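What follows is a set of structures for review.
First chain A sits with chain B, and in the next complex the same chain sits with chain C.
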Partner chain A sequence: METSLAQQSSESVFAKEELIIAFIQESFPSLDMSPGTVIRDLVIRLYAHLETRLQEQIDLALISSSLLEISKNPNVVDEEQVERLLSNYNVVKSEGAKAFGKVRIFLNSSNSVFVDANADIVINDITFNPKEAFVLLPAESYSAAPNQRLITRSGTAYTALIDVVASTTGSEGNMRSGSLVASLSPAPATFVSAKVDSDFSGGQDADDNVALLAKMRTGIVGKVFGGREHIKAKLKNAFPGIMDVGSVGFLDPEMKRDLVNGVHSGGRIDIFVKSASYPSRIQEQVIPKLVSFNSVDKEGLFEIVFDENKSSGLYIVESIKALLTQLGSYDIVSDVRALGNFGNHYIEDISKSAFSAYQRVTVKFTVAFDEMVKAWSLSDPAPDISTFITDLAYYIDNQQNLGIFKFYVEYLKLPDLQEIQAYVDLASERSLSADMLVHAPIPVLSSLQIRLLKKTGSSNFDLAKLKSALTSKFNSYGFGERIPGSALVHTVYENVPEGYTVDLPIHMYGVVINPDLSKDVIFSSDALQPPTIYEKGVSPNNVAFFLESDMVDVSIKEC
Partner chain B sequence: MTVSQNYAGRAVDICVLDTSNKDGVELINVGFLGSGSAVSGPYKIVQKFAKFLLTDLGSVPAEPNYGTDFIRRLLGGQIQTISELRIRFFQELGEIKTYIANSVENPPADETLVSVQLEDFSNVSQDDVVMKLRFTFLDQSTILAPVRISTV
Partner chain C sequence: MNRISSQDLLELVGSFWSRIVASASLTVKLVAGLIAGHRQSEQSVDELVRSISARDIGAGKVSVWTKLVFSVDSKPQFEYGDASQKYGIGYFYGDLKDNKAIYVLPNDIISIPIMYDDPIKPTVSYVENIDYILQNGKLIFRQPFDSTSTTLYAFKLLRDTSHTYRQLGYVIGVNLSDFLFRKIPLSEFWRLYSYGPNYYNIMRLISLCADAPIALHENEIVQGVLMLPEGHIVITDKEIYFLKLNQLPTVKEGQVLKQADSLSSGIQVLHDKMPMMSRNAPDYMLENNNFKYGSIVANPARVIVIKADIAGDRTAALKYFTNIMPLDTKLVLLSNVNVQAVTISDSSMSFQNTRTLSVRTPPFSSNSFTITPKCNSRIKYGSYGF
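After this line comes the complex of A and B, so read on.
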């Protein structure tokens, strides 16, 4: 950042000239340095230009070395100096990271096709590339080589999954499940369409100066498993992707694990880690267990037991279906949480370990026989219902090893809970005075309604970009913070052209999923407050708001 | 323009526009003489005048109002006749005199410019024109300074 000589302010240069002349004149009074003289114009002025440049650089260095000045003008400081300064507070600038995930490709046949490693895959204007060159093959040719992907059949479609990586760093690459691929170039001959299979993750923005300043607070705090700020600092230092950390401990009304005869005894800390700005929506094919079949209702009862990796930080199972192209979900009749192997932690019952790395999730769902047929995966055709009922015992006994029924399940979970719990438990890192249990925050899955009044003739704008800005703002609030509607309105005005007005009030809704899986609804037009329900273990210390762009409803009325 | 041989007690500038001490028409050559060359008195003011006149207006970033359009017009073919040249010269003259007058408070009499006359204008070769300017100072001294301008 340097002003060119021609752009230097004439007032600044003139002021420098006067200072230099005054300085020289003291020792050389006989030099004529009045305006228009050669000494002034060719010697003094050039030096004044250089002095002006030096002064500018000195001023910039001073401003860039002051936290106060940086916070006032974060965008007009010397980036390198800011990095040097904040390194004194153990804060290092993140260069950002590329988002990655899986894209499901739909084909019109099961013929083998090749996906070039340099293919451009455009999703919501962001370009991705395959992680490597992939060969998509039918089962008979598939040998499980690393770059092979199996083509499976789903209804009338043929599909395969490939791994992709964003071409540039940034959080905008964290695509949501179901986002459509706008183009794939070069496309395989049998290519029909493609979409994001599960939420992409890993995309991180490079830190700007505002982000660095925000990091500083945790940078200067002692990184120990002690008070709330210290725990947050320690975890954010170890896991840079963590958005925020809330803690519940001794004397907090919502702390239930340290109660002895109703009295807080201390020694237990529940840590709530917002490890991503929004929970990941994961879709995968599973082989559920057929528990029973109701011959009267012609309906099967299935059960999916999520292993510890999948259960960790899992909030809800959103849908179960037989085909990828199917809309809606089969009826989920139960969602039971149990305790897995929780090691040496003190957990009385599952209600104390909700959304932790130790919960185990089992869901049951019912499917009518006509729909079960769609999930039939054997090469032999599905039997009719009478044959099925006759052979029910065989199917129940052999269903798992034969993989008779395959369903797609979609669930919402916060990532990395197991890794964070493992870190907290490390002998070299752990607190010697408290049993610390890591949870995903108690989620408030939110929605937002905004109506804009458009003046006739006003230009159009990018609605997806506005929704993205709103979700980014909404999800940026930390534990204990309320979400003011005014901040969202301000975000709207920053992202729409002139001629648009926000028609107040805006509407913010949230569904709180309590640790006992009961749900409460909150609503506000002014500010969404984190709920406090101590008896359910819910408080501003452990509640996180989440908003996804699909849940932002922006309507426009022309007037 | 002569180089002062004795500038004790005078405010001096570096001499960059040189003529000899000979009588008659002399050309002002732009460029440094030897190191340590200094100029004072009326010649210093003639140098200041010539420098302002020959500098293109707007070419000095720190002083955008310094200079004139005179040379630009001359080289751009906008001055075709002697009468046009006189008109343009006198249009610029007032501003140059004001600049010089304002540049120093209470200058000595031999550095106080009273008037400048364009005495003559002629082509000395195909590529050069020469203006002869007569400077009159408060102490009644006069200097006839020829200014050669290359037109290529």
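After this line comes the complex of A and C, so read on.
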């Protein structure tokens, strides 16, 4: 970096001059060394400038070798120096990754259509492209070729799923389930609308210095199943998508799994893995069991048993409906968690393995007969109620093998819990002294309310971008950290133009889903604190806050 | 690092400058001044090179030459709330304390190893811990100056600039002052973080926090234990260890030590994962044969209890144990079991850290006050669980 002598800190130069003058004047107090004299200007000042320059270069080298300093002065240090430094810590700067997922296309007929591989699909101002060219076909023409997608009927609409990939890297491409497609160009002839089917994933921002700082610790800390930092480093190293890891061990008040006859036996560690910045919202069609039909209320009772893949890390079932276009959900009357095959782990009961890879989820829901008809999937017309009641035994017996009633279920879960548990249990990796059980963290599903005062005449801004920035900031906090309102206010000011003021206080709410599935509500205007309820096994070691942009309410008042 | 000497430079350019300025003496001073400035750059380069190594990084930054003027301005004054102290005749805020030997320095100065009256040809030199001590931002001379204003040149004055944290400490999240990193080197944390919590690494860090040595090598043979007025010396075939006054040796001549074995009462393993709770542990930890932790009863086979007298600012390091100790085991540190309370009698000052003074015999004194450690009471111990 080139700096002219004139740009040097005059204070630094003067301090050096003073030091030399002090040496000389110890013996020659009457010697004139004021500015303008030969010794001062030709010798001392020249030397001071050169020495100061050297000192500045050394200081710059010190700053360049500290990512902490780099994060404070990101423009001072060149990229190559950063890369050089990172290599010491086994860290490679991520260039980011593109988000991907499935888009559900609604058509007005079951006729075959073609979706161009170069089609632009715009969702919340982000452009996606089909993963490849797709042919959407009705069942009679469908041969399961890789680029074929089956058109199915949902009420009066016809739908098909296609895979899409963001055109650019970044986490802003991780769209939430239900986000509407603003445009599809070129669109198939029978195209009506489209929306995101399940949460997109995979979108990652290129590493900035703050992210690198966090990665450096993971790089240097020993990858062993030992202390909290080591466990975190080991898992983050094996699964780069993990956001944070919290751990609970022997004699931590929230540790209940090592209790034997009231005595803590130790040797057990519960690991809480925040494997994504927000739980995935997954929507899929299921064929539930018809448990019974109440002919008085004309209401069917159905049961969905989630298999181990789906149950792993599952928080809540949000909705069950017959049609994709339907609003709301049928009544979920029970959500029962049970234990699957947990191998050699010690798990006394399901309350000790909430949101783990070993939980099994069964929900029951009721549907009025009129609504059941909407879920009818056979080609024959649905029966009237009296016929249905007459043949109830047939329908109960054959519901699942014939797929008579099909519903769409939407649920929230953290991904990759099974893979992480399998890794922890791996013979070559596992701890020889501790039984380690992987859980999804205890979630605090949060919402945020902010009111902005807009000065008349101020320009408009991109509200979706602001919500995305707030969400990103909110979800970036790790285990044990409080979420300060001031940090969110700061994020607002970084994303709005001049003329806007945050009308304090802001309001932050959170719903804690405890391991026993009971719920607690917390709120704050200053800082959202991770709750501590030891008797329920809830503590800052295992609680994670989650916020999605739909739950950010930004209102603007012009004044 | 090779350093340029003023003599070399003088031989190189001295004859020319002597002709220009017409004074050999002035040339010598000029060259010495230039070299003094250059020394700072050399020092900085040295610190830069060392800062890339967790093993070698220095705690703090050195100013090679610093001019210090001790005058009335740098003497301590009464502060608000000092009224209960009756020093001299002054009671009022801003009045000078009647003390000729104490001067206030910036708090970030960690150490001044030596001070000279003249940086080139000194006639008087003052040495830290002999002629003065530096404590809590106050410099206390053994003998006061006669003159009202005295200029001294501090050589290699060490400042706390959070250098260690900013360069490497942040990588593992250990944020301690340079002052503390001088006592507990970063490399000890680095090893625990990077290699994991094995027995030696844990014991080594605890020993540094307690300022009580442990055996550094496997199979060290004790060759002698000497008692001195300042403490005990344990000599082995590989090392020489110093035990402070309040640490009694627990090893004997001829004893073979394993790595990480304790040498004194300053650090003792009271219980180490035994099936039955050791009777060495304090009563409040015992519940029949189990370990009692508050209202919780636990299997002692997972518990390690270590008595380590950790006091003063070193306790700041304890918070970093939480994230690096093994989670399937509980390490309980009993602290301050044998630390004796120190009272300062007839002194005009109070000290936060009395431990430095407690090893000082005979009592440190000046003509205006005397500090005498009185070991007459015990601080009740506290325990830390990790």
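To be clear about the criterion, the second predicted complex is superposed on the first by the 489 of 559 C-alpha atoms of A that agree within 3 Å, B and C clash if a C-alpha of one lies under 4 Å from a C-alpha of the other, contacts with A are read in each partner's own complex, and residues count from 1 in each chain.
One rule holds in what follows: contacts are C-beta pairs under 8 Å (C-beta built on N, C-alpha and C of every residue); 3 or more make two chains touch, one makes a residue touch a chain.
A quick note: this is a predicted structure, and the numbers were derived from the prediction, not measured.
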item: Partner chain(s) touched by A:I39 [first = chain B, second = chain C, both, neither]; value: both
item: Chain B versus chain C as contact partner of A:S431, first or second or both or neither; value: second
item: Which of chain B and chain C A:V13 touches, first, second, both or neither; value: first
item: Touching partner for A:I105 - first (chain B), second (chain C), both, neither; value: neither
item: Partner touching more residues of chain A, whether chain B or chain C; value: C
item: First, second, both or neither for A:A48, with chain B first and chain C second; value: both
item: Partner chain(s) touched by A:V82 [first = chain B, second = chain C, both, neither]; value: neither
item: First, second, both or neither for A:S30, with chain B first and chain C second; value: first
item: First, second, both or neither for A:V367, with chain B first and chain C second; value: neither
item: Shared chain A surface residues [contacts with chain B and with chain C]; value: 31, 39, 43, 48
item: For the chain A and chain C complex, residues of the former touching the latter; value: 16, 19-24, 26-28, 31, 39, 43-44, 47-48, 51, 54-55, 58-59, 61-62, 65-69, 88-89, 213, 216-217, 220-222, 224, 226-231, 247-251, 253, 262-269, 431, 433-434
item: In the complex, chain A residues that touch chain B; value: 5-8, 10, 13-14, 17, 30-32, 34-39, 41-43, 45, 48-49
item: Partner chain A, residues of chain C touching it in the complex; value: 21, 25-26, 29-30, 32-34, 36-38, 40-41, 44-45, 47-48, 51-52, 65, 67, 118-120, 165-168, 170-173, 190, 193-197, 290, 293, 296-299, 301-303, 322-330, 385
item: In the complex with chain A, residue positions of chain B that touch it; value: 7, 9-16, 40, 44, 47-48, 51-52, 60-64, 66, 99-100, 102-104
